[in-house]
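Presented below is the structure to which this report refers.
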């Protein structure tokens, strides 16, 4: 089995992005699966091009995109991506879409094929906080998750894909009081646990555990 | 113009639900529009039946469903509803769906027809905190928002609809330390401001303001 | 019985201070006690002069100073004031003390004479969140609480005094996302409940309820 | 120079306490100072006996007590200890004091002799979040900080001492959603940085930096 794992480069006021740092720190094999690591730009559109090229080149069984979610306390696999770009800030090329669909001919939303409940269980068993999330926001993180699902819909029908957000690093919250963080070592441990769950659940339905949200 | 506004009854450990209390407190006319108020049960399926009956009976131009979002700090109009029920607790009839689609023949998600950016602007101008949300959760709030959109898709093509979450009341956080709340009077004021925006923006596109989320 | 209640004027970036607004909104009598209301400046030293003059003039049985605690979720009577000024910002006259004792001949700290546990119980029974706090910070709020205790120590031996913090108003958090607030009406209701508890507990020891903090 | 560093054993519902785990992980020398590590019980009174014995035996120049502050985001050196025990839960011997002075003949409060502003600066330079705190709570953490200061007041006049709180470990927040944590490795790194600041500031006044709190 081959798993393509991507991480975004730094954006906004931050000089570092835990996503790409954690991806770089992953081993080359997890639970017997080959891990292919790719850095992608924090740029609407361009990030999808890079992932598309990597899928064509590597022919992975799974794609897992990793992104930073400043303010979150836990590792959060995403349930769903929506057909909607709405930038709070501009991307790394200066583009800031406002309330724009990603693809006119795409579904309103796509659900991940990843076993997100098994992933949060595995991360917790590794001693780290995890929650299933039902929003990936409206910036590049939701964008790349949606774009890969759109590729599955239109082109790579057998591919399975999803997204996981990770918190700020401790060094990023030095000047952001009362903001949660998680260490890079724990990011690597948590992503490894999540990928192990993906490999072990391959071909099986996700767990039927209670992970819902009131709101 | 006629606007149907609904509120859920209490659920879980709470004896009161700010949603129905606030709806009851609305005036019968807002910005010239007639306001029809309906209480709906915190029950998957049943809540949709009650709203469907009210739409048939009242023939409203808009439907605005109101629900409680414990833990949120602000009034939060919702951008999108997903085709997904996943109960963290059972509903008021004891039913707790796990990772179930709401309608097999529905879209994966529906976007609201309401001008959510204009609504948050109006709420803020009334002196209250507001944010556009991109997740209504996976309990009855997302369920009713999705169900009404499904009715629009299949039956009431000219109807416009959406959902707004409101925080706990102060009395609900007496035994929940470090949890935000908003008073009933402010809920009524905020919903009134949001409905005023709906009326004033009728027939116009939503504002192009910056309200996106990184995650 | 006569109770002197003070509130600070606005400071920092805020055009309004819930403290003085809430104090102005109190009735002139609470539980049979006469309420004397005084606005005090957000200025180290000067605020104490104004309170001292009011004590001499009014001869109150109790002093209750009210101040804003941005970021807190509840009404929080303070347990203790420390002999320590340390400004995060300058006061309204531009003075910003750094790690300075308030009075060289004062105690390191003074405990309030108010029944803070009875006060939080009364506020909760009024349907509002309340917690006993063990820090009034290091700005003018702790300063005035300490100054009045110092006056009791040195001059007004029979006076009883204390301080209560109240959250931001909703209008103050419109541009401060994820920040809790409480309405002005609820501030008035909560302070009234707290003063009622002060009157009813006069001459009695405070409740022996569990209100401690791990940290 | 010799520095006695203590950590509490687990209490309440937790099977692990980051305080003693982090203390055990410290090197035996930091910035040239000898580090003596002592585990102390989460028991009012007893913890002070253990520290007193260690001071008599080891004759340290400094005492730094470390304790867990569940819910805090940062490493937080404490400014002040108050003469006040008020248990939210019982200690590990089942004793739960309510609003009791620690020593009838002690000061109302004692300020630390540690350079807390230099300590937070050093921790931040190590890439970790840090804030000066002005409350150590009312449980055993404030108790031991007060007790050691009382020993300085009455017996060990040349000793310098203080307390630092550290957040939950990630494994402690797996079942506590929306609660911040810090890894054990980062606790060790942060405490090491703080102790380095203590050694380097020995004999000098603390930094005059801006670290105050409004409330």
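To keep things simple, chains are lettered A, B, C and D as they appear, and every chain counts its residues starting from 1.
Simple rule for what comes next: a contact is a pair of C-beta atoms (placed from the backbone, for glycine too) under 8 Å apart; a residue touches a chain by one contact, two chains touch by 3 or more.
Values in this document were obtained by computation on a predicted structure and should not be read as measured data.
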item	value
Neighbouring chains shared between subunit A and subunit B, ordered by label	none
Common touching chains of subunit C and subunit B	none
Inter-chain centre distance, subunit B versus subunit D - centres from mean C-alpha coordinates, in Å	47
Euclidean distance of C-alpha centroids - subunit A vs subunit D, Å	38
Distance from the mean Cα position of subunit D to that of subunit C, given in whole angstrom	29
Junction residues of subunit B, two or more chains touched	71, 178
Residue numbers on subunit B that touch subunit A, as the complex places them	12, 67-72, 79-80, 82, 84, 86-89, 96, 98-99, 107-111, 117, 133-139, 141, 165, 206, 208-215
Residue numbers on subunit D that touch subunit A, as the complex places them	73-74, 124, 127-131, 170-171, 173-174, 176-183, 185-186
